[in-house]
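Chain IDs A, B, C and D follow the sequence of writing; residue 1 opens each chain.
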Amino acid sequence: AGIKKDLKIAFLPKQINNPYEVIADNGGLEAIKEMGGVGKVVGPSDAGASSQVSYINTLITQKQNAIVIAANDANAVVPYLKKAQAQGIKVVTFDSDTAPEGRTLFINQADSESIGRGQIQLLSKLIGGEGEFAVLSATPNATNQNTWIKWMEEELKKPEYAKIKLVKVAYGNDDDQKSFVETQGLLQAYPNLKAIVAPTTVGISAAARYISTSPKKGTFVVTGLGTPNQMRAFVKNGTVKAFQLWDPGALGYLAAYAAANLASGTITGKEGDTFEAGKLGKRTVGKSGEVILGPPTTFDASNIDNFNF
Amino acid sequence: MSDQPLSPRLELRGASKAFGEVQALLNGCLALYPGEVHALLGENGAGKSTLVKILAGVHKPDTGTLVIDGVQRHFARPSDALEAGIAVIYQEPTLFADLSIAENIYMGRQPLDRLGRIRYDEMNRWTQEMLVSLGVSLKATQRVQGLSIADQQVVEIAKALSLNANVLIMDEPTAALSRPEVERLFAIAERLRTANVAILFITHRLEEVFRLTQRITIMRDGAAVYFAQTCEMDHDSIVARMVGRDLSTYYPKADVTPGEIGLSVRRLSRTGVFRDISFDVRQGEIVALSGLVGAGRSEVARAIFGVDPVDSGEVHVMGHKLKLGKPATAVRAGVALVPEDRRQQGLALDMPIARNTSLTVLNKLVRFGLISGKAERELASQWGSKLKLKAHTVDAPAGTLSGGNQQKVVLGKWLATHPRVLIIDEPTRGIDVGAKAEVYQTLADLVKEGMAVLMISSELPEVLGMADRVLVMHEGRITADIPRVEANEERIMAAALGQTDPASRKAA
Amino acid sequence: MATPPKLNLRFTWEAMLCVVLVMSLGLGRGLSAEFLGTANISNLLADFTEIALMALPMTLIIVAAEIDLSVASVMGMSSALMGVLWHMGLPMPLVVVLVLAAGVLAGLFNGLVIVRLGLPSLAITIGTLAMFRGFSYLLLGDQAIADFPANWTTFGISTVGESFLPQPFILVIIAAIGFTVLLQSTAFGRSLYAIGSNQTAAHFSGVDVARTKIKLFVLSGFMSALAGIIYTLRFSSARGDNGEGFELSVVAAVLFGGVSIFGGKGSLVGVLLSLLIIGVLKNALTLYDVSSEVLTIVTGLLLLSSVLVPNIAERLRAARIKRVMAAKAVAAR
Amino acid sequence: MSTTFMSQHSPGIAVTTQPAPERQHWFLVLARNRESTLLVVLLLLIVGTGLAEPAFLSWHNARDVLLNVAITAILTAGMTVVMLMRHIDLSVSSTLGVTAYAVGSLFMAIPGLPVPLAIVAGVLIGLAAGCVNGALVTFGRVPSLVATLSTLYIFRGIDYAWVHGGQINATSLPDGFSHIATGNVLGLPILVIIAAVVLAGVGYYLKFFRGGREFYAIGSNPEAATLAGIRVHRRVFTGFLLSGALAGLAGVLWLARFGTVDASTGKGIELQVVAAAVVGSVAITGGVGNVWGATLGALLLGVINISLVVLRVSSFWQLAIQGGLIVLAIVSDTLLSRRMARWSMKKRELG
């Protein structure tokens, strides 16, 4: 049995105006169009824990076939997603997961562990294996970032990173100005700081912009997760050597296919299920309902011009 | 006064103005000649201020024509009137508390240099000269915030004078002033009159009319009803034309033997305001607290009532010590304060009359914790009819009443608490003769019922007419305690100016 | 004098709101067939539970010509505190009591600073808006606490029996009745209007202005804490940033309800209607897939209309009376 | 919240009819001039932070602080003008957001756009927003808090609906434009110089021109202002226009400084701006304050922000400390002026 036609699939991003989420949603909508379904994107304009709930309720009332959600809060939405599931609506999370009972599948950009560890590995390479660094995160409550930071700390425990020290986790609240000021403060407060890792697209570009105008440009390391379009100028002018990200569009695309397959009954979401995800090919459901998009790409001067998102 | 020039400087004909459904002015007429002081008289709400505001360009009249120096004019805004040479001192002070005296006087007309910048030095110098010529020790750069009412009035006068206007309109300028300030004002007015300025003067104190003015216009219910030379009129004939009836007993002093001590004040002091205030008021007695504006009388009243803090001293009401500092405690002990500024302190102008009246007795109107709107309205109508309140309905906002009627609402709201001690601050400020007579009658009745009354007043006739005893304050101290029979204007004024009264030692 | 109050056909904002409410319900039904379904009505009501709980005391505060912008931060702080206390192993009932007490303390702090020092509440509560939010981050940092006991969180999300009434909404109903009686027909409520329209006169009339205002801020702190508890239970999630930005929604709902920002005017009936209208419109438009962006604009327009419409109506009335009076004046001459 | 604040019968302000004595206690002089108090606090903060972390006193850091504060200070100046009139403008953050994005889009559409023209465009957009606010407050007689709270929502909503998930990156902006934030003249960043000129201009206008004084008059006593012949409506309208224009300018500068803007740019800064003005002794009740004080207020908050980071205070403490300091600033300002009034009262009593 293939994917049903005319499936109603709704994307519910963290925040409807977040540029990163918009790329992901557009990838999802593209996939739904390929499958001949009816897709739409709804969502709040603020990232509060509860603001997605009324949209979930609305989607239930509208009798959608599947909801694809990037959760603002791992727990706040769960009771309502359960309600949706009880009414036969399939729930897929992407980008940011909920507690497992809230969804059937989680489409992970790359597994959190390898993102976190990967960031440290990249950092170590960039600073030559020793020195102080700080993390510039999004909000204190951002689930993804907190998980990744946890894995970074895990990775740092390995003996080969003994000379690398995480001195501070600062929060830019995914606000450009705040991230900018935080970067500035970090440099003042830690004169020996050699690098900033910003695992958020807003943070990394703010940090890069601050460094690009400071005397430390070229010697100071800025890395983390960012989109190529945002970072291109900084890579070209030498502020940033390398950073990582996956293709958010592909993430949304994969999530849409996973949702459609669930809603069509071709998979149930148990470990080992496989499904066709259009141009991404065949994918397998992993442990506890996770589907991994793939390892993140590392962008640097040599390859950045091949990407446009 | 027979050599009146033929053409008036300013003439208003057939002016009418309605505020919503209130016809404030209907066929208002006025002719003002150079070199005269012209009295505009009438009961509260007769439309005097409305007429003034039309002359000042504040209100646009619904009908009527305004002719100035023979040319018909339309004022769209106050600046038009200023340009036409009309200066106005309004009934309510119109000062900028946060700005300096100089800026208050020259706002919108500051002297400028070639680049359009304000020349502060020049502005301050001019102002200082003017203040000196008015004989006050104020500084041009001083902020208006904190000036006494009399000094504020001086600033208003300076503002009007600085305009070099040929028409000066003064709407009840003396209401908040005591004798010396009034004299000063009159001297200025006289000087301007001889300089051929036309002056319009509004007051409710008829003795001032005879002192200062040459001609009179009397208004009633929004219309000008009578014109005359002042010298042709006397007190009673003016009153009769204003009120439309005769007022026989003006000061109905009741003959009551004083009873027990109702209010007793001992060594009350507050730093910088008043010191060592001690006196008694017996039941059935009216004690007047007299003195100049700024002597600190109101402050004493407010301290007793618990509105203002005190530094030391005691107050006893009906023999019980009163805990100072909270009006609610004073009310429960049987004290009522009718404050001097009814608009600021007496009424919530946006609220209905009924709700204003009930505010002091809310706890008594409560049934099972809930307020009964019916009881509230009944209370208001009951006190309204007792005090002959002229109001359309008790549901109308208090702000829509004329001054005298507002005063009655304040009086009513306090009498409703059935107080043992009534402190009444400037009971007749800004109210017309008819209303005054009613207030005096009410006071007389209350005293007969055994109320102890402390009356603060700047009007000497009222003090002499109503009080059993006169206390005089000067710069925060009591300087005289004069019994009714010995009281006269000279002794009170002397004590108010700080001379030690020969006969009376300090009270109590 | 004192003629019986004549039949008053003047425009009242509450009557207007009733009409708007009926229209919005009609609109909702027209836009979506599911609108009047039990589940949807239930969601609609649940959605503004916290806003309503905070709007009630806010109405009283604004009537008294003050404002409390820190409500949402107190709510967030309560949520965070609830999480911390629960993690410390305290029993739930005790947690609830302690959280409410903390809300009262926060309100008391606002009240004391504003009243005892005579400072403008707008400025002070902007400060405490940041301060209390800061406290909630101090309490919880980057954690989110979600493991509240199931019987409590069930209360947050279930309805009364089979009906459409969400259980937490019962609290809103009870509080709404309580506050309406308090404001509209007790001595306390009366004194609020007096304070709002002339604080000095109220003080001179023996109203204990200082104490009354402190009570208001304490009440506001209490209700915000209650809102924080309900919020935490509804979403079984205690986080430092819970309720961020709610203060403006609360103020907007109160003002749209016809309460004058200058104090002294307005009624709780109006505010309750306003809450319902905003809830219904939001729900109906969301069901119709109108984006949240447009909803923001609608909120702004509603708020504006609450002042503009009465102003225009009043001006039209004044113009009509003016014509009549002018004609009378001419006739009288 | 308008006319009936405690101050009407608050003790203290009553008696100052005597000319002030010639020589005054240093404390009185300091306390009377609220700005100087603020300056002292600011210096203490800077020196204190510098002692703990010498790097803080570097020229580079001073430059950064000035750059950060410049934009807020411009907004605060606009807010000062409005607050002087006893009004408030909460919509500045939304105006700033819309302007920043609009000017960015303009650069995308016309890559060769001259920089001055971009600034003019930004100011014009700000003026349009100010025009809406001014019209609502004057012609519509909507209280400014309500009017600008509404337009805060409406402008932001329009921004959201238009921008959606779009974003403008520094890459799309011409170098000449970014130069505003990065380039120096006489060692000072151009952006800071622009801000300083604007602030000085507004401050000078408020002090030395009739129009400026009228803002004070209106806030001090609106009715008296009418009676003094001031065209109150026109002036209030102008005030909102000015506030809008400054918010527009701030939007352009924001774009130059941060390079990245999206739909939520500047969200929430209106409260920071009001806080800065209030800390800078601009009375929310109108009639009192000036641009110098407001700028000091903005500087103080800006320096606090960065000090906390530099002093390695946990991120979780920052907001709490900031809020506490705002409350403390208002409270100490008031207590100080009261103490001063009581002091002069005592003097009168004794002398």
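Quick notes
Assume contacts are C-beta pairs under 8 Å (C-beta built on N, C-alpha and C of every residue); 3 or more make two chains touch, one makes a residue touch a chain.
Please read all numbers here as calculations on a predicted model, not as lab measurements.
Chains making contact with chain C as well as with chain D: A, B.
Work out the mean CA point of chain A and of chain B, and you get 73 Å between them. With centres set at the average Cα position, the gap from chain A to chain C is 37 Å. One inter-chain figure worth recording: chain B and chain D are separated by 42 Å, centre to centre, where each centre is the mean of the chain's CA atoms.
Those residues of chain B in touch with two or more other chains are numbered 307, 344-345.
Along chain C, residues 137, 141, 197-198, 200, 203, 245, 291-293, 296 each make contact with two or more other chains. Counting only residues that touch two or more partner chains, chain A has 16-17, 45, 140.
Pairs of chains meeting the touch criterion are A-C, A-D, B-C, B-D, C-D.
Chain A contributes residues 16-17, 40, 42-46, 48-50, 53-55, 57-58, 60-62, 73-80, 99, 139-141, 143, 146 to its touches with chain C in the complex.
Within the complex formed with chain D, the residues of chain A that make contact are 16-19, 21-23, 25, 45, 140, 168-171, 175-177, 180-182, 184-186, 188-191, 202, 205-206, 209, 213-215, 229-230, 232-233.
The touching residues of chain B, counted against chain D in their complex, run 56, 58, 77-79, 82, 88, 90, 92-99, 103, 107-110, 112, 116-118, 137-139, 142, 145-148, 151, 271-273, 294, 302, 307-309, 344-345.
Contacts from chain C toward chain D in the complex involve residues 65-67, 69, 113, 117-124, 126-135, 137-138, 141, 197-200, 203, 245, 248, 251-252, 255, 260-263, 291-301, 303-304, 306-308, 311. Across the interface of their complex, chain C is touched by residues 14, 16, 18, 20-21, 23, 26-27, 62-63, 305, 307, 326-328, 330-331, 337, 339, 344-351, 355, 358-360, 362-363, 365-366, 369-371, 377, 380-381, 384-385, 389-395, 413 of chain B.
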